[in-house]
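The structure appears below as structure tokens.
Here the chain labels run A, B, C and D in written order, and each chain numbers its own residues starting at 1.
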């Protein structure tokens, strides 16, 4: 089964997506997501200009060899652009192999290890009361796990706040430049424990509560946050501190038993090797699209399993339905699944990427069709032209550039 | 001094180069190298499509803030494409600041800490005798340090071999796909000690001898190589094993006192933090172009200085003369300079990038002009159209994809 | 730009200051602070007798080389006298380079990374009520962060107490010998949590509260203090225990998540290397004047940045306005600024050192003039003759000499 | 016994010495050495301007309290100037206490733990043959231990070379500025093993051979040197690498069993705490004059004894006979004496400082007179006026400032 075509499709049905479509001499096609939020065209170029020519004539079945060929063969390894491009190829080849085998991808990964995939949604509101209302909407929609964020009094805007209920939402904003938000750790640390207290009191002990710090604290600030949330039983505290220095999580870990999740910005197993092998975290949140595809993500989760670290993949709207389909096949097949983030796409996006995975009662279910169970409607995709969009940047009150 | 234009220039005067040219409302211009060998257009897109629009209107003097804006503001951090794009901006801004101040860039970095910059050249040959002849040519040209590589008997081709003497040479080959070379660790480890013995015997105790393993050994194989070369006093053994798992160098270090150099593929301080702070290496080879520019490279070298690790920056022909100019300003200003790699460019490249640094008697000397002391001849650059080219890939004798 | 004169000026406009003034053949002059509180003349001698003769004829632009020449060249390294003398030279050379470039010093350091520099003032009072009144005066003056100290019942005098509101105050006292104060850890640990409770209750959750232990506790006593203050959200606890044995902070850290600041007595990066690289502290308080000048202080802060340790430079009145000017240029340029201590000088001091940095609304703003933006009025300086003055010493109630 | 006078005497009988003379109301006087080579007047000022006034009226018997008063009371701790000044006071008070008790100082330290103090002399020569001749002169003079250094071929001058036999020699040179020497590690490492082989072959297995690297290697270079000297049984390898980062000696230690000595530049127990408690060194070379006097030096040696680290105090000519007298009292009294460096002073120096310790058969013997057994002839001292002198600085062949 030789590859005869590799096409990069950029479309913007509500937000930008980059998709790789691989065609073989057998007539089968496979698709992979290559979307890197705010840096989409660099990945498109990486694929179109540097990788696509190399794919022509290759045996689509040799997934591992192709992975190594693109990873080691590029000489310059790792990083979001490279690993997203490799991921797109890898996922497309798994889609092809599934179709060639007549099996859904999770069957090729060893088959179902569970029946369904628990997800969490994003609840938020300007005030604690607004957030409680939003959590109610998720609970009513069947969610068993909800990420809760609320506005920080005294700040003009806050990460994770600004929409209502389990519909589509997109943090990247179209425009010539990123919006700039303002951050105060002091103000933030004052409100979050009160939010958790209120949510736990209102919704009782069973609802799983998550929270995303979004890389904004030092390890010691995060430790204090962890201690302050522990009485309200957080499911996890996400991205408490930047992860370039993995050792920072060792310090955090030594000061609180609060469960820690990290990984949406990590692009290779090397970026989380210390985090995992030292059990400094509880959940690893790497994604199929930014961490090298199904082949590499499975390696990360398998390593994590050895150390009782569970999966908790990133699943914001910057993952196209192609990536969500792939993620669900992985989620259902691994031993150490934890939870899957889930933000619904716009109707336009769902139209461009018709798929057969489905949500029910707080769980997602992967497709049982051969391959991934998701396609791209190229004609429709063409209608939605790329629009520049950026994720926000974040500054402290004195103007210092801070992690967003 | 506000930025009014940021232009990406792709040219191929013998090999491909990507250059960023930043123009300010003061009329001053600054340039930065953005060349990522074999993945050039992805960086060009990253700059043109995602970064250039953000530069317009920014204060060219705020280098640190711009660096953080591009690094933290991208959300997706690190990696060769991202860090090369950021480097291009950073170097262009230092060029501009130097011109605005009327000072060469090294003056802004604290001024000269030494008079001149020792370089090493690349000697190689199919046989040990050929290599001896080639070393002779470098010695005759004034070099005090030479990297020696020779063909491995029984392998069709070998890394680092295939040219004669201190003229231009380019490992990347134009074409639709990478060439594929074959590797045998057994055969390689058999020949290198004999090569070193022969060179040391012929050229006496003073000539500095370097060797590049090019990531192809395990740490324990590298330890055995180190022990076998020690009697011939290697200046360094480069890239003995892949660097994603920094701890592997700890293992290597515990088994040999041979000097170790690593870093041309590393793109951030986080990639070498353990290598440096544990003193597992002797030389850090990160470059101004792939490791985030002057701002970030200086951070890496300053950290290294605390741990008696010296610089030894990558300087193959994939660094454009813009990067070489920048490297020399850093080299001459830091406390812990070790050595600078140097491969001359083609005459065409030198014409496209007129510059005032110069070679003499085994040393390079940075420009004393304001800024970097290098410009780009855009008219000439336009004549040399981009040609796809790839670095080779490498396979074991059984077909396994191996590090090139 | 060759140095033609290096002059040491000792003056006492309210308190003693030692200033180095360097003149070049270009006619430009640069100044650096060399004040070591209570040991001023030893530094003056170090500069006048041993360093000044070496400066004549040197290239003022070679800051790094001069730094190494004075540090490594002295053979006897580190320590307050040596590092303060080197700092004076280093700061004077940066002042000169800025003037030569026509740029304020922060532009040479990479440019502004923030708009303004948050400071904290020193509130204190004999009783908790007195202290509350004093905090009110600072809040009314626009401060957003206040250090709070109060008298310890049962002790005749207490560190940090004895003035009212944000005017000038000087702990060093003129006289033939230091005053001797008395210390009781038991009595101290009894009052501080009550002070914090009262201040937090009165001023609400946003005001940043700092406290200075001034080296007087063991790590375990400090851990208990940290735990007792945590409910009142301290911004930092300063100098909880002496820092010669850096490992003591590891012990402290393992017992409390309270934020820790240390460093005004540390004179080199080696004195805080373990503190920083182990993340045992949250704020590093080294100063431009006692820690080797801008060149070395920037090294310390850059190292700290890798480990999420923020700056919080000492800024008592023993820093002359020259050092405060230099500190502000560093503060505004580094990535990891935390807070700047600020005690206003007497009017006489401000007259001797005319400067253009300014305070507004709880923030300081560095000068935008070329160089540091501060000069010395030598004629006026001559009017204020040196007067011996000492910092106090401290004894336990049984007469034991204790850390002051 | 109250102190009524504290006088600082600067004299230059061949080289500069600073001496503190303390007089008490009992009529007894004590003296202490305060010489900091090349930075003498800064210490003189520290003593005269800041410490002497504090001594008047103090009880001369309270040595420990005075030590803490000067150390903790200065607020700014450690470093060569401070610790040398404190040392001078401390030694003078021990001299006084001995005289008051009618006992030599070693009796106050617990009495003799050994009969005599083995010393080593400094042999050197331009060539290996010259060095062999010089070693012969020392052996003939009764020395049982000799430090051997020889000229490095290709370098214009070398540390430790340039005199003949066991007479006086002084590395500091009078003049307006330091001389600048040139260094090449490559050339150095080539010659030293050959020197050791030659000396060991000529003088047989019993002579103790020492070598001083003088801070010029990295830990790994030092490890290679250690391995190369091991076959010739070095007594120690001194100052192999700079000691600011104590951990560097851990790395060195893990690579060679060669005995390591360090400490002449260290001024406090904190500077060698890790070196000792990890047993990374075999000999600690701190001196009575630069490490805070007898009180503090004894603390260092006592700590070292716990870890089987032996003493090996610095004893170059920059130690005045006052310090040598004090050193011998310590040497003879501690449990873990190793060896004492010994360089004879000029006849003029011996005249200015009449003393009763004596050399015989390779050993020194401390005085048995009350106190230290050394005085200063103030009338004679006045005849020798201070002359500025500097230790050399050292540069690499490319002009980089290197450790001398």
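Note that contacts are C-beta pairs under 8 Å (C-beta built on N, C-alpha and C of every residue); 3 or more make two chains touch, one makes a residue touch a chain.
Since this is a predicted model, take the numbers as computed values, not measurements.
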{"item": "Both-way neighbours, i.e. chains that touch chain D and touch chain C", "value": "B"}
{"item": "Longest centre-to-centre distance from chain C, chain (CA-based)", "value": "A"}
{"item": "Turn needed to bring chain B onto chain D - CA fit, degrees, nearest 5", "value": "90"}
{"item": "Where chain A and chain C are represented by their mean Cα positions, the distance between them in whole Å", "value": "45"}
{"item": "Between chain A and chain B, centroid-to-centroid distance (C-alpha), Å", "value": "34"}
{"item": "Intercentroid distance (Cα basis), chain D paired with chain A, Å", "value": "63"}
{"item": "Sequence positions of chain C contacting 2 or more other chains", "value": "65, 68, 112-114, 273, 306, 335"}
{"item": "Contact graph of the chains (line, ring, star, complete, other)", "value": "other"}
{"item": "Pairwise chain contacts under the document criterion", "value": "A-B, A-C, B-C, B-D, C-D"}
{"item": "Touch list for chain C against partner chain A, complex", "value": "112-118, 205-206, 208, 230, 233, 254, 257, 259, 279, 282, 306-308, 335, 337, 363"}
{"item": "Parts of chain A lying in touch with chain C, wherever the complex brings them together", "value": "154, 186-187, 189-190, 218-220, 223-224, 227, 241-242, 245, 247-248, 251, 254-256, 396, 398-401"}
{"item": "In the complex, chain D residues that touch chain C", "value": "36-39, 41-46, 49-50, 53-54, 65, 68-69, 72-83, 85, 176-178, 244-245, 265, 267-268, 270, 273, 290, 388, 390-391, 393-394, 401-404"}
{"item": "Footprint of chain B on chain C - complex, ascending", "value": "59, 61-65, 67-68, 97, 100-103, 107-114, 269, 273, 277, 295, 299, 302-303, 306, 333-335"}
